[in-house]
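One chain, chain A, appears in both complexes that follow, with chain B as partner in the first and chain C in the second.
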Partner chain A sequence: MHIPDGYLGPLTYGTMYAAALPFWAAASWKLNRTLKAKQAPFLAIGAAFSFVIMMFNIPIIGGTTGHATGATLIAILIGPWAALIAVSVALIIQAILFGDGGITAIGANCFNMAVAGVFVGYAMYRMIAGDAAVTSRRRWIAAAVAAYVSLNVSALITAVQLGLQPILERAPDGQPLYSPFPLSIAVPTMALEHLLLFGFVEAAVTALVIKYFQKNDPEMLS
Partner chain B sequence: MSRTKFLDKTLLAVAQVAERSFFSEEHARMKGLLQLLDVRIKLLTFLFLLVLISFLHEPRSLWMLYGLSLMLAMLSRVPLLSFVTRVWLFVPLFSAAVVLPALLNIITPGEPLWVLVSLQRSYSWGPYTIPQEIAVTRQGLWGSIVFVSRVAASVSFAVLLTMTTRWSDIFAGLRALMVPRIFVMTLNMTNRYLFVFLRLIQDMYRARKSRTIHALSSAGERGWVASRIGVIFRKSIEMSNDIYLAMLSRGYHGEIISFERFRTRLVDHLWLATIIAFGAVLLAFERGRFN
Partner chain C sequence: MRNEQRQSTGMSTVRKLWIGIGILALLSPLGVIVPKWFGAEGAWGEWGLDEIEKITGFVPAGMKRLAERWKAPLPDYAVPGQGRGLAGESLGYVLTGIIGVAFAGGAMYILAKLLARRKKSD
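The block that comes next holds the complex of A and B.
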């Protein structure tokens, strides 16, 4: 889901930087008020945790493996604003140091995964979990549904950004200059693989980690 | 053994991160052109080059920039073969494979160059059309060449930046791009503690692998991975508290004081002027052709 450099035109990646900026500013403001001096190590460790979640491969059917992005899980564990910064920092490090995702696409990738992914996941979780007890079954089911929906929303927004390229950003003679696939190809392709496979991986990892905490350390969820 | 493949894949992913870091530190210490530059100027110019690449429309201009990245790699004593391999192996090669269907008139309509298949008639379902003659189009070919060239040139400069700059310097240099101090500090600390976590994961997975004589059921293995993520998070919180206390004992009171001292020299000014002039000429030449 990490969009590399060269896939989005300047109009799109510029807009996405502008769209992500108010969320980064709001998160910094919010955390400055709530976390005080403790925020620096807390955010850094949260970001490192966000980075390493993607390294945990889990076995899926038929010997294949997959990994989760962890946006909803981190939002449940450290709250949505801290999660926004943590996932963003992890994405920035991946883009600058590891070439996972483009530098020009940092705004778009952060908006898709750190803003949309985190807030959709967190809102769904709060809505479904309601006032249920920390150790209740409803909590992990809420986490699974939230993670599934959140990942699919992120994938859909990514697909729309890619699918808009042949319409928004093309040469004067109409030839595509960036990602060449229109919405009618980009959206179903991304949606299918996330609806049928990656969404379930995300849901499984999120629910299993929540169940682990319910059993071993329920305080982490309160 | 395929049931424990996830253990090997995770160990491999951890090893790759460590290898990249080691590889970059090694080249960043060499005495070459890019290593000479002030990191702030270097970041600004590389960002300028990446934005410039995104504005260019002609394959020739993109190839010229790709050529520039190769020349800079040589002048910076980066081994050309490993540089080219690292650039092409992942994103551009993947992009070239992904873009193949866009060569055809099914995706990119236009003037046919080579007819691959002739059907009895054309087919249409909603927004999808399969034309009677499936062909590679001039527009599809041109668009794909521009796309892959742009991706390759962008990745080339991004890789060159990380290979010739110490990672801690990159974060310090971000201050020059007006990135708030709290972000820069978080990035720096994340980078540092990332390796502590990687070591932890490696130890957990190696220990597990060395004890494995028979794989558990898939559900059992998934439960084990989830418990490891849980353990890492618990350790994260403990570590965060320990680090905070360690920072307090060293005089931290919420204000971040930075000790980086940067100094620009003649070579930095010459480099900045050359890159901006080069970019402006390239852009003016292209836009002149299009208008």
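The block that comes next holds the complex of A and C.
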């Protein structure tokens, strides 16, 4: 789901930087007021976890690969604003050091996986979990469903951005200048692979870690 | 975040979580080995210029211009001299996994400390 350099034209990557920026600013403003120095290690662990979990590429037999992002899990554990920054930091390190995701696409990738991933996941979790007890079954099921939906929303909006390129950015002769695949290919392909497999991987990772905390350290969930 | 009174257990939780992340970093080669077993290529829509040319028969002009602008120091989670084949790739993956965890964790830690310090009293 990491859009490389060259897939999005300036119109789209500029817009996506502009879309991510207010969320980074709001998160900084919020954390500036609420974050305590002793919570820093938990944010660091969140960023490190997001980085490393994205290395676990899961194959579709004979097809493509995908991975979990940890966005919903991290949002549940450290709150959505801190999670937004932690996942963004992981994505920026991936782009700069390892060329995984483009530099021009940092705004898009952070909006898709960090902003949308975190807020969709967190909102769904709060909605489904309600005021159920921290150690209840409803909590981990809420986390799993939220994680599944969150990753699928991230994938869908990524696919839409890619699929818009042949419409938005063409040479005078009609040739696509950036990602050449139309919406009718990008959206069904990315949506299906996440609906059928990668969403369940995200849900399983999230539910397992939430269950671990329910059993061993329920304070982390309160 | 919502755990203000956890001084007594806080240290051990942090240490346990870092150990978990260390284990994940060491297991990360599964992220290249398992896809190979199942004959899967990379992610959809993340192809390099060569692969794009194979798939579509041409490289879009704008893509060509932007794709090579940034040269990542450790492209594709590989380290220089990691050796050939799956063993080499796995070695590169573990090392870049550790480097990435250190950079992501370190950058986030410094940023979090800065955000916590510059506290305004409204």
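The definition used in the following text is that the second predicted complex is superposed on the first by the 199 of 222 C-alpha atoms of A that agree within 3 Å, B and C clash if a C-alpha of one lies under 4 Å from a C-alpha of the other, contacts with A are read in each partner's own complex, and residues count from 1 in each chain.
Here is the rule we use: a contact is a pair of C-beta atoms (placed from the backbone, for glycine too) under 8 Å apart; a residue touches a chain by one contact, two chains touch by 3 or more.
Here the structure is a predicted model, which means the values were calculated and not measured.
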item: Which of chain B and chain C A:D217 touches, first, second, both or neither; value: both
item: First (chain B), second (chain C), both or neither touched by A:V145; value: neither
item: First (chain B), second (chain C), both or neither touched by A:I106; value: neither
item: Partner chain(s) touched by A:A204 [first = chain B, second = chain C, both, neither]; value: first
item: Contacts of A:I3 with chain B and chain C, given as first, second, both or neither; value: second
item: First, second, both or neither for A:P172, with chain B first and chain C second; value: first
item: Partner chain in contact with A:P180 - chain B first, chain C second, else both or neither; value: both
item: Which superposed partner A:I76 touches (first chain B, second chain C, both, neither); value: neither
item: Chain A positions touched by chain B in one structure and by chain C in the second; value: 4-7, 9, 28, 36-49, 51-53, 55-61, 63, 65, 77, 85, 89-90, 92-93, 95-99, 102-104, 171, 175-181, 217, 220
item: Chain B - residues contacting chain A, complex; value: 2-3, 5-6, 9-10, 13-14, 17, 20-21, 24, 47, 50-51, 53-55, 57, 90-91, 95, 99, 101-102, 107-108, 110, 126-128, 139-140, 142-144, 146-147, 150-151, 153-155, 158-159, 161-162, 167, 170, 180, 182-183, 185-194, 196-198, 201, 218, 221-223, 225-230, 232-234, 236-237, 239-241, 243-244, 247-248, 252-254, 256, 290
item: Residues of chain C touching chain A in the complex; value: 1-4, 6, 9-10, 13-14, 17-18, 21, 24-25, 27-28, 30-32, 34-35, 37-46, 48-49, 52, 56, 58, 60-77, 93, 96-97, 99-101, 103-109, 111-113, 115-120, 122
item: Parts of chain A lying in touch with chain B, wherever the complex brings them together; value: 4-10, 13, 28, 36-49, 51-53, 55-61, 63, 65, 73, 77, 85, 89-90, 92-93, 95-99, 102-104, 171-172, 174-182, 184-185, 204-205, 208-209, 211-213, 216-217, 220
item: Residue ranges of chain A in contact with chain C within the complex; value: 1-7, 9, 28, 31-53, 55-67, 77-79, 82, 85-86, 89-90, 92-100, 102-104, 158-159, 162, 169, 171, 175-181, 186, 189-190, 193, 217, 219-220, 222
